[in-house]
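Both complexes below contain subunit A, partnered by subunit B and then by subunit C.
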Partner chain A sequence: MNFEYMLEILPRFFSVIPVTALIIAVSFIAGLLLSVGVTIIRVKKIPVFNRLMDIYLSFTRSAPILLQLFIFYFGIPVLLQAFGIAVTNVEPIVAAIACLVFYNGAFMSEILRPAYLAIDKGQFEAADSLGYTGWQKFSRITMPQLIPIALPGMTNAMIHLIHDSSLIFAIGVVDIMGLANIIGSETYGLYQVEVFLTVAVIYWVISLIFEQLVKLFDKRRRKVLKFEGYTSSEGAG
Partner chain B sequence: MLNIENLLLRLGGNDILKNIDLSVESGEVVSLIGPSGTGKTSLLRCINLLEAPYAGRMTFENDTYDFSKISQRDKLRLRRQTAMVFQQYNLFKNKTVLENVMEAQVLVQKKSKQAAYDESLDQLEKVGLRNKLDSYPARLSGGQQQRVSIARALAVHPSVILFDEPTSALDPELVGEVLHTIRDVAKSGMTILLVTHEMRFAKDISDRVIFMDNGQVEEQGTPEDIFNRSQNPRTRQFLSQFYTPNFEI
Partner chain C sequence: MFDISVVFESIVEIIKVVPFTLFMAFLILIFSLILGSFIAWLESKYIPVIHQILIVIKSFIRGTPNVVLLFLIYYSFPFVVAEALSYIGIELNPYSLNPVVVVIVTFSVCYAAFQSEIIKGALHALDKHQVEASQSLGYSQWQTLRKVIIPQVMAEALPDTMNTLLLIIKALSLAFLVTVVDIFAQANLVGAMTFSYLEAFTAAALIYWVLGGAITYATKKVENHLNRGYV
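After this line comes the complex of A and B, so read on.
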């Protein structure tokens, strides 16, 4: 075990951590926005679209994420050509983000939908009866009540996303894992264990930071659920 | 003030309300009574447009609307002139008592915060809960929550208040305080449509009582007409479960 070597390569990773962080952040935010749309279609049971969502959800659930990455990476150029846009290849990072957004649009809607359904229907009817517009109802009642319920699931989704993002090197993205592979091959596989342990430490630190952030929110969440009168073990603590 | 003609409501393939005609005068207190599952709640929900009737017309404050083709704009407009008090109170859980009463005034009626605040204090004073401004609904008793919801309804100055069994979800010892509040509202001259199983209260407070059965208006009249003089066998059968009325036969 060569600790000196680990310390030596550690700084090289600092240049790619932002790549991973960017991919995770963009995928999370865009995925969340997509999942809101998906959830609306599903809870409002909008005809035709609702059916399409069933297929979409069932696909993302069943196909391994690595496979989905390849489909996006090789599929996007084919799709664009079908629309008359000639591209021979697409940037791996673009394909990776597109894939993770696509995946999370479905995954997160599986969190948002039950959270929405957990809100007492009377809350919406009270808003309706007072003449709130759809947006007023959404922003004043739905969102504030949904967020504390959905937060644990969303935390989970984020952890999944951090893990899933470690697969995107497979289509050639030079993120943390991508660089680890490059460094590993520079030394002809002599220090593989050191390289990957270094990566493990980096992921560990990222997770720790994230967990601390969550703790901050969770305290507030528990308080909110308590004064809103939720008493499940999930809720008020 | 409120006039409904030929209202037809269909839910899940069933005719829930069949050709309802109903009119309420300004300042009138009208009680709706009838067996469970008869469509009393549904009728209130139609007036508040929480349910979309299949056919019928409604005239409200001189404007006539066709239920089957009511626009989103008219829907909001109508809802803003009516207020509903729900059996389960339905106070906004994520808002304090004050916010519950204030919000619609600011958000929907575009009142200034100051005006809405003053109005809210006023209404909460009337229902005896001015000392609970910053409490969240979950911390209040059912009776207190229902009184807040009455204050919330009054604060938007609706043309009519719709009460749907406002005391049915309450522990018996809390019913009195809510009935007392409703009585005050009635005395203030507010137009009220009240669904209730509190027969004595309905008899006391109403200008007119409507007996509904099986999705239809079966009989209506003064409290005397319905509770003491009804010749309608359905009405008499229904009332007999509550007490033995002294019919003048």
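After this line comes the complex of A and C, so read on.
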């Protein structure tokens, strides 16, 4: 074990962390928006689309993320050509983001839907009888309760996303793992263990930060849920 | 551009490695169950130093992506084994260790960390009075374990365990990075041979899809069977 070498290569990884952070941030936000759409379709049970969503969810659940990445990487040009846009290949980073958004749209809707269903239906009826508009119902009744219930699941989804994003090097994006492979080959594979141990520690630290955030949110969430009259056991479920 | 007939040809080629993938997945599941139960048992004892070490190791395993762990173990494990074996006088060339072993070790350790949580949860759900009742009936510890604890913990932990199986099958797609041929790696090879990657990967996706559906269906069946008499 060569710890000096590990310290030597550590600063080089800081230069690619923005790439990983950008991919994660864009995928998370876009994935969240997509998942809201998916959740609405599933909760409202909109006829044909509801069936489509079942297929979509079961597909993303059963195919490995690595496979989905490759399907997006090779599939996007084919799809675009079908619409008459002639492209021969797509930027790996675009394919990676598209894939992670597609995957998280399904993954996060599995968090949002139960959270929505946990809200007492009687409240909607009460709001109706008070003459609330649809937007008022959403902003004053649904949102304040949905967010604290869904928050722990969402931070977990974030940690999953960070882990999944470690696979995008396979289609040629130079993120943390991509750089690790480059550094590993620079020394002709002499220090592979050191390189990947460094990477492991970087990911570990990132995950730990988010785990602490979960705990922080959880404290606040309990307060909010208590205030809203949920017992802690209900909120945890 | 996209040729359906190639997809079917690819399916025929890829299906050949499904038994091997499932074999690896079941092996990993069994190892992770054993190791996970052991960890859960060890944790329930609260042995001072060991408890803290376990917490750190579990946090490390859950905090690092599988692919990083896989590479880490791929590059270090053979040398560790060779070193350990040399102490007892067995010479082993670290480069001759089969990567399949590395994959199985990696994912067994990795999923044992998750499995121990599942088992812990199932143990919590178990009614403690039943253990006391069985003691008062004069059951030996082994009898209590075999006739009271295991049947209930199994039923409780089954859905999550089957979910883990699905996760393992998916995680095995990483094995292609260390030259082990599973469903995904085979799709990669088939695609490289015919220059039709998209068709090959679509075929692989269909196979994963069917596997996922089959496992979900089987879980429901077995769950109903295990829960009979309780509901």
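Worth pointing out:
Note that in this section the second predicted complex is superposed on the first by the 233 of 237 C-alpha atoms of A that agree within 3 Å, B and C clash if a C-alpha of one lies under 4 Å from a C-alpha of the other, contacts with A are read in each partner's own complex, and residues count from 1 in each chain.
Quick note on the criterion: contacts are C-beta pairs under 8 Å (C-beta built on N, C-alpha and C of every residue); 3 or more make two chains touch, one makes a residue touch a chain.
None of these values were measured; they are calculated from a predicted model.
Partners subunit B and subunit C, brought together by superposition on subunit A, fit side by side with no clash. Between subunit B and subunit C, an angle of 110 degrees opens at the CA centre of subunit A in the superposed model, to the nearest 10. For subunit A, the partner with contacts to more residues, out of subunit B and subunit C, is C. In the superposition on chain A, contact of A:S166 is made with subunit C only, not with subunit B.
Within the superposed three-chain model, A:F3 lies out of touch with both subunit B and subunit C [touch as defined at top].
Using the contact criterion defined above for the overlaid structures, shared-chain residue A:F74 touches subunit C, although it does not reach subunit B. By the touch criterion defined above, A:D128 reaches subunit B but does not reach subunit C. In the superposition on chain A, contact is made by A:P144 with subunit B only, not with subunit C. For the three-chain overlay built from the shared chain A, the minimum Cα spacing from subunit B to subunit C equals 28 Å.
When the two complexes are laid over each other on chain A, subunit A has no residue in contact with both subunit B and subunit C. Interface of subunit C with subunit A (complex): residues 1-2, 59-60, 62-69, 71-72, 75-76, 166, 170-171, 173-174, 177, 184, 187-188, 197-198, 201-202, 204-205, 208-209, 211-213. Looking at the complex, you find that subunit B touches subunit A at residues 48-50, 76-77, 79-80, 82-84, 86, 88-94, 103-104, 107-108, 136-139, 149, 152, 156. Residues of subunit A touching subunit C in their complex: 58-59, 61-68, 70-71, 74-75, 78, 81-82, 162-164, 166-167, 170, 177, 180, 192-193, 196-197, 199-200, 203-204, 206-208, 211. Chain contact summary for the complex, subunit A toward subunit B: residues 120, 122-123, 125-133, 136, 140-141, 144-145, 224, 227-229.
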